[in-house]
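For reference, the structures are reproduced in the following blocks.
Shared chain: chain A. Partners: chain B in the first complex, chain C in the second.
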Partner chain A sequence: MELLGLLSDGFLVAFEPLNLGLIVLGVVVGLFVGAMPGLGSVNGVAILLPMTFLVPPTSAIMFLAALYYGAMYGGAISSITLGIPGASTAVATTFDGRPLAMQGEADKALIAAALASFAGGTISIVLFTLFAPPLASIALDFGDPEIFALMILAFATFVGLSGDDIAKTIFSICIGMVMSAIGFDIISGEPRLVLFDLIGFQSKINFLVLAIGIYGIGEMMWTIEVSRGDTMMTKVTVSVERVLSNLKIIWGTWKAWLMGSFLGFFVGILPAAGATPGSLMAYGVAKMTSREPQKFGKGAVDGVVAPEAANNAASTGSMLPMLTLGIPGSPTTAVLLGGMVIWGLQPGPRLFVTETEFVWGLIASLYAANLFAVIINIAFIPLFLWFLRTPFTILAPLIFVLSMVGGFAATERMFDVWLMLILGVGGYLMRKLDYPVAPAVLAIVLGPIAEPALRQSLLISSGDVMVFFNRPIAGPITIIALVLLFLPALQVLWRRVRGKRPVEG
Partner chain B sequence: MRRAEIITALLMAGLSLYLMFKSAELPIGWIPGEGPGGGFWPFWLAAIMFGSTIWVMVNWYRRTSPPSQSEDPYLDAYGLKMFILVGGGITGMIALVEIIGMHLAVAVFLIYYIRFLGGHSWKVTLGVSLPSPVVTFLFFDIALRKFLPTGFMDPLYIPLYDFFL
Partner chain C sequence: MKTFVKKLLGVGITVGLVSGFTAVAGKTALAWEPVKPIQFVVMAGKGGGADKLARLMQSIIEKHKLSPKPVTPINKPGGSGAEALVYMKNHKDPDHAIMVTLNSFYTTPLRQPKLEVDPLSFAPVARMAEDTFVLWVHKDAGIKTVDEYVKAAKAAGNNWIMAGTGKASEDNLLADFLNAAYGLNMKYVPYKGGGKVAKQLAGKHANSTVNNPSEALGFFEAGTVVPLASFTDNRLPMFKDTPTFKELGQDFVYYMQRSVVGAPGMSKEAQAFYQDVFKKAYATPEWQTYMKKKSLQGELLQGDALVTYWKRENEVHRKMLIKMGAIKG
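After this line comes the complex of A and B, so read on.
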C-alpha cells in the first residue's frame, strides 16, 4: 500500500503543468529523433541535456526520460517505411516490418509496432515499480567493496556479452576511465594527468564533452558515410477506418508482446545488453516459438511486435540499475546519470530516501510518457512520414550546430568544444576499426564513482583484494563478474575441447 | 583497413605509454596510512590499455580480427571527401567562433553545409540559417543565461544584452 501512496504522490508531481508539458514535448522530440535514421535516444539525450538547465532537475529528467521512451517508439517508423532502422534498437523491426510495408501493409506494421511498444512499456514500468524499491533498500547497505564489485560487473558484461572485439572493448573501457581521472586526484586534490601541460586539462573533462563528441559529431559522420543519402520510402495509406481495424492486431499477437516485454526488461537491466540485443533476442525467441516460423522475414506481424515490445521494455529495464544502484544499464542512462550529477543529485540508492519526489515523479512520468507516446505516435503517423522526408543535408548540420552550442553551454569553455571535436572525430575513426564507443561513455561516467570505491575498499582492507571476495554481497558479484570476463575464453576452450572429441558412432 | 588497424594500434600504444608516464607523476604504489597513491588508478588503467593494444597487434599479426583481414580502403573516395568537407567544415565553424562569435559562425556553417554541400536552393538555405543566430541568442544567452562567445563582435551585443537582460 505504501508503494501506491508513493506512486500517487509521484503522479501529482508528474501532472504539474510544467512537467506534463515537458513529458509531451519529450515524447514528440523522442519520436522524431528515434525516427530519423542514424539518430537514437542516446544522441537525443546527449545533445539536448544542456538545454534542460532551464528547468528544475525533476522536470529535466522527466523530459529526457520521455525522450528516451519516444525514441523507442520512433525507431520503428523508419525501420518499416524506409527499411533503415531509426536506431540500432529497431534493427530487428526491419526484418518483418519492411516486408509488410512492401506488401502495402505499412500502416498495419506501424500500428502493431506502436501497440507492442505500449504493451512492452506498460509491463516493464509495472515490473520497475515493483522491483525498484526493494532493490534500492538492499543497495542502501552497500559499502565501497560492493559498489566497486558492481562496477566490475557492469564492465564485465561488456567483455562477456557484447560480442565486440574483446581487446578493443577493454581499451574503450580503460580510456574512458582514464579520461575521467584527468584534472586532479579526487582524494588528495593534487593535479593529475595534466596532458601536454595544457591549462584546459587542469580541470575534469565533463562527460558531456565525450558523449556529445561521440554521439553528436562522430555518429553523424558515420551515418553520412554509411547511408550515402540513399533511401527509398514505401507508400503508406493511413485512414481512421484502417487504424481502428488494425487495433485488433494486439489481441492476436499477445504471446509475442508478452514474451518480448519480459525478456526485454530483464536483458535491459544488464549494462552491456540493453535494447538492441533485447529486441534481437525477442525476435529470435518469437520465431523459435511460433507455429509458423517460415513466415518470419516475409512479413509476420509477430516479428514486428516482439522486438518492439522488447526494446521499450529494455529502456525501462536499463533505468532500474541507474536509479537504484547508480549504475547505468545503457549508454542513454549513462548520460542521464551524468546529468543527475550536474543537477546536483547523488546517484545511488539513497535517492529513494532523500529525493523521493524526484524518484517517484520520474517513475510516474514513465507511465504518462508511455501513454502519450502511443497516442501521439498513432495519431500523427502522417506527420512523422513527412518529417522523414527532410533531407539529411539539412538535418546533419543542425545536429552539428546543436552539438557545438550545447557542448559549450555545458561547460562554457571553448577548450571543451575543441576537445569534443577531437574526441568525436577520433571516435568515428576508431569505430571504423570496430572499437566500441559505448563502453567509453559509460566509463567516463562511472570512473569518478569506481576510483574512490576501489581506493577506500583497499584502505579498509589494508591492501588485501580479498575484500571483494569475502563479503556476502560483494563476493558473489565479483565472482559473476570474473565469470563474465572469462566467458569468451571459456567459450573458445569449450569449442576446442568439443572439436577434439572423437566422433561417436 | 589492415594498415589502418596496425597504425591505430601503434598510436594507441604510444598514448597508453604516455598516460602511464603522466600518471606516474603522482605515487602509483601504496602509501602507508593513506592507501593507494593518486597515480595508482590511472597508471594501472593505462597499463591495461597498453596491454590491450598489444593484444590488438597480435590479432592483427594472426589476422584474426575483421579489420586485419580486410583489404578494403580505410576511407574510400567518398569517405575521404566527406571526411574533409564535413570534418573541415566543423573545424572551420569552431575556429570562426573565436573570430566572429558563435551566433554568426553557426549561420555561416549552415550556409556552407546546406547550400554548398547539400545543394539546396538559396531560399531553403537562408530560411534555415538566418534565424539560427537569433534562436541561439534568445535560447542560450537570454533564457539559459549561458553567454555564448561573441569574438570581435562583442560591441554589437552590448545593446542587445541591455535590452533583454
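After this line comes the complex of A and C, so read on.
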C-alpha cells in the first residue's frame, strides 16, 4: 500500500509541534473569521497570506487550509444564531438553521451543523486521498457544455418539485439572474447594466453584500415586524444531556449528509464553482429527495445538514484542481494558489510527484484540522447559545451594526454598504409579498457561472443547441435537468388526465 | 462574548485604517516616508492575476521590511481595471496609493474614453517585469511546428478554437495577428482568467492558446501541452528548442508589463520613496526567483524611462485596437 505509506509520512509532518500548533490556531481563527459576517474564508486567507512567509511552505499551507476548514464550520454559527450568513458558503444554512433557532432548537441546529461538517469533511478527505489524480482528469473533461448542463440541473432542483408557488419561484430566479448580469461582460469585453452610470455597478454585486443585506438586514426587519420587538429569541437551556441526545441527530439524517458530502465534493472539484454553489445545490437536492419537502424553510434539520456537509466537502474538493491542475476551484483556493506561487511551488500535474511532503502533509493536516474543528466547535456551542438569550431589542441593533461592518469588510467600499441596505429592504419586501428569496440567491450565485458557460458553448458550436445533448457527459445531465424542470407541469397534466385536482404539497 | 466584541472592535479599527482619510503628509526636510498604511490597489478580484502579483510584492516588502508602514492590497475588480483606474484618478491622498498594472492600463482607457483616464498622468514607480506569450497546442494533436499548425488550422477553418483571456485583450490581439499573418480563420473564445484557458486546452476543449508560460507551466511540465513558438525577441531560456516568431519571419513581438504606478498627483518625494522600495524589491532573491520560474523578461524601468516606455506602448495598443475594430481611429 504505497498510498498508506505516503499518508503516514504526511501524518508525521502534520504532527510536528509547529505544524500541529498552526493547525489548531488556524481552526480557531477560521471559526471566528467564518462566524464574523463579511469576513469569509477568502478574506481570512488573503489577509493572513503574507504572515505565512515566516514559516516553511508546508506549515503555511496547513495553517491556511485549517483556517479554510474552520471558516466552513464557523459560517454556520452566525447563520443559525443571528440569521446573518457568516460567509457566503453558509447562506443555505440560514434557510432552515434560522427557523430552527426561532423555535428554540438552536442547539440542535448548531450540533447538526457541526456533525454534518465533520461528516462532509471526512468523506471528502478520504475521497481526496484515494482518487485525487483520476478525479483531476474528470475535472478536465468538464468543458463549457457540461458545466452549463450542471447549472440547469441546479436550477431545476429549485423549481421542480418545490412546494412553493412555482410562478413566484421562477420570478425570483429571474430577479437574481438580472442582478447577476450587472458588471462585466466577458464575451463582449464591455461593462454592462451599469445602473445609473454608477462606477460601483461596473463590477458585479458582491455576493456577500447581497447575502448580508437580504438575510441580515431583511431578516432583522421581518423579525421586528412579526414580534413587535418584544420577544426573546429563544429559550434554550444548555445541558450535557441535551448535547449528548442531540449527537444522535447524525443517525437520523444520514441520507442528507451523505448526499451533501458527495455532491459538495464533486461540485468543489469543478473549477469556478466552489463551496457556495455546492451547498445551495445540496440544499435543493435534499429538499427534492426528502419525504417531507414542505418542512424545508420552516426548520428541517436535513436543510441544515445537507448544505453544511456540502460546503466542507466542497472546500476539500476545490483544493484538488488547485493542486493537480493549478486552477482554483473556489475564490479561497485562488488566493491559496497565489500563496503557492509566493512559496515557490508550481501547482500542476507534477506536484504530486515532485513535492510529496507538501502534498501529503497537507492531506494529513486536513484530517487533523477536521477533527479539531468539530471538537472546538462543539465546545463553543454553549457560548453561542448564551449569546442567543439576549433580548431581541438588544440583538437587533447588534445585528445591524455587524451587518454594516460585514458589508464593508467584504469589499471595503462604502457603495456596497448602501447597496446592502437597499437590498435588505428589497429582501424584506419580497418576504412580505411571500416570494421565496432562496431561488434569487441561487440565481445570483449560479448566474455568473452559467452565463459564460452557455455563451462559450454556443460560440464553440456555432450556435448549435445540440451541443448540450450529444456529448457523453452533458447529454444525460441536460435531460435529467429538463425532466426535473418540467416535472411539476407533467404532474399537473397527469392528474388532469386522470380527472383529479392537484394535491397540495 | 468578550472575544466577539474585541473581534468586532478589531475589524472596525482595521477597516478604519484601511479606508484612509485625507491626512496631510508630514512635510519635513528629511526624505519622505509614508505616515500611514499604503493602499496597494489591485485591478482584479482576490485570486486574479494582478492580485497574486500584488500579494507577492506585499510579502516581499514585508519580509525585507522595505517600508516603515504596511502595504495593504485592496481589490477594485470592476470593468477590466476601469474601477481601479477611476479610483486612483480621484484619490484624495495620492501619496499613499499605488497600483499594480498590466496592459489593461492602456487598453481600458482607450476602449472607455468616458472614464477620462490618461495612463500618462500616473506616477511612474517601477516596471518590475514583462510577461511573455507562447503559442501552445495539445500534445495529442501531434503538431510540432508552426508550419504544421498553420496547415491544421487552415484545414479546420472556423472550427479551430483559440481560447484566450478576455475580449479585445492581449490574447485576442495575438489571435488576430496569427489569423492575419497566416491567413487563418480561427475562432477566438474568451474566458475569464489564464488558468481557465489552460484548462480548456488540457481538456481538449480548445485547439490552441497563447497562454503566458506561467499559466501553462503545470501542463507543460506534465507533457500535456507543447509550445510551438514565442512572441519574444529571443528564445526563452525555459523553452530553448522553441523558436520565436521573429525567427520564423514574422516581425511580431508582444509583452505584457507588470508595473507599479502611483496615483496621479503623487508628489516627487513620495515617488522617490516608492521607486526606492521597488528597486530594492526587484533585487530580492524572491523576486528574481519568481521571474526565472515564471519565465518573465524585462529589466527594471523607473522614472522617465518608464514614461517613455508607456508612451510607446500606448501608441502600439491604440493602433492594435483600431486595427481590430475595437475602437475608432
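As a working rule, the second predicted complex is superposed on the first by the 276 of 505 C-alpha atoms of A that agree within 3 Å, B and C clash if a C-alpha of one lies under 4 Å from a C-alpha of the other, contacts with A are read in each partner's own complex, and residues count from 1 in each chain.
Simple rule for what comes next: contacts are C-beta pairs under 8 Å (C-beta built on N, C-alpha and C of every residue); 3 or more make two chains touch, one makes a residue touch a chain.
Source: prediction; values computed, not measured.
Engineer: Between chain B and chain C, whom does A:L383 touch in the aligned arrangement: first, second, both, or neither?
Structural biologist: In the superposition, A:L383 touches chain C alone.
Engineer: May I ask you to decide whether A:V42 touches chain B, chain C, both, or neither, giving the answer as first, second, both or neither?
Structural biologist: After superposing on A, A:V42 lies in contact with chain C but is clear of chain B.
Engineer: Which of the two partners, first being chain B and second being chain C, lies in contact with A:L433: first, second, both, or neither?
Structural biologist: First partner only, chain B.
Engineer: With the two complexes superposed on chain A, say which partner A:V405 touches: chain B (first), chain C (second), both, or neither.
Structural biologist: both
Engineer: Under the stated touch criterion, which partner chain does A:G218 make contact with: chain B (first), chain C (second), both, or neither?
Structural biologist: neither
Engineer: Quick one: is A:P347 in contact with chain B, with chain C, with both, or with neither? Answer first, second, both or neither.
Structural biologist: After superposing on A, A:P347 lies in contact with chain C but is clear of chain B.
Engineer: Touching A:G260 in the superposition: chain B (first), chain C (second), both, neither?
Structural biologist: Neither partner.
Engineer: Check the residue A:G329 against both partner chains and state whether it touches chain B (first), chain C (second), both, or neither.
Structural biologist: Once the two structures are laid over each other on A, A:G329 reaches no partner at all.
Engineer: Kindly classify A:Q456 by the partners it touches after superposition: chain B alone (first), chain C alone (second), both, or neither?
Structural biologist: Both chain B and chain C are touched by A:Q456.
Engineer: Using the superposition on chain A as set up above, list the residues of chain A that contact both chain B and chain C.
Structural biologist: 53, 187-188, 190, 401, 405, 408-409, 412, 456, 459
Engineer: Quick one: in the complex, what on chain C touches chain A?
Structural biologist: Listed in rising order, the residues of chain C that touch chain A are 1, 3-4, 7-8, 11-12, 15, 18-19, 45-48, 51-52, 55-56, 58-59, 62-63, 73-80, 82-83, 86, 111-112, 158, 161, 166-169, 187, 189-192, 195-196, 198-200, 202-203, 205, 217-219, 221-222, 224, 286, 289-290, 293, 326.
Engineer: For a test of understanding, state which residues of chain B touch chain A in their complex under the given definition.
Structural biologist: These residues of chain B touch chain A: 1, 4-5, 8, 12, 19, 22-23, 25-26, 30, 34-36, 38-42, 45-46, 48-49, 52-53, 55-56, 59, 65-67, 74-75, 78-79, 82-83, 86-87, 90-91, 93-94, 97-98, 102, 106, 109-110, 113-114, 117-120, 124, 128, 132, 136, 139-140, 143-144, 146-149.
Engineer: Give every residue of chain A touching chain C within the complex, in rising order.
Structural biologist: Per the stated touch rule, the residues are 32, 36, 38-39, 42-43, 46, 49-50, 53, 140-144, 183-184, 186-191, 199-200, 202-203, 271-272, 325-328, 331-335, 337-339, 341-342, 344, 346-351, 383, 386-387, 401-402, 405, 408-409, 411-412, 452, 456, 459-460, 462.
Engineer: Could you please specify the touching residues of chain A with respect to chain B in the complex?
Structural biologist: 51, 53-54, 165-168, 170-171, 174-175, 177-178, 181, 185, 187-188, 190, 192-195, 217, 221, 224-225, 228, 391, 393-394, 396-398, 400-401, 404-405, 408-409, 412, 414, 417-418, 421, 425, 429-430, 432-434, 451, 454-456, 458-459, 463
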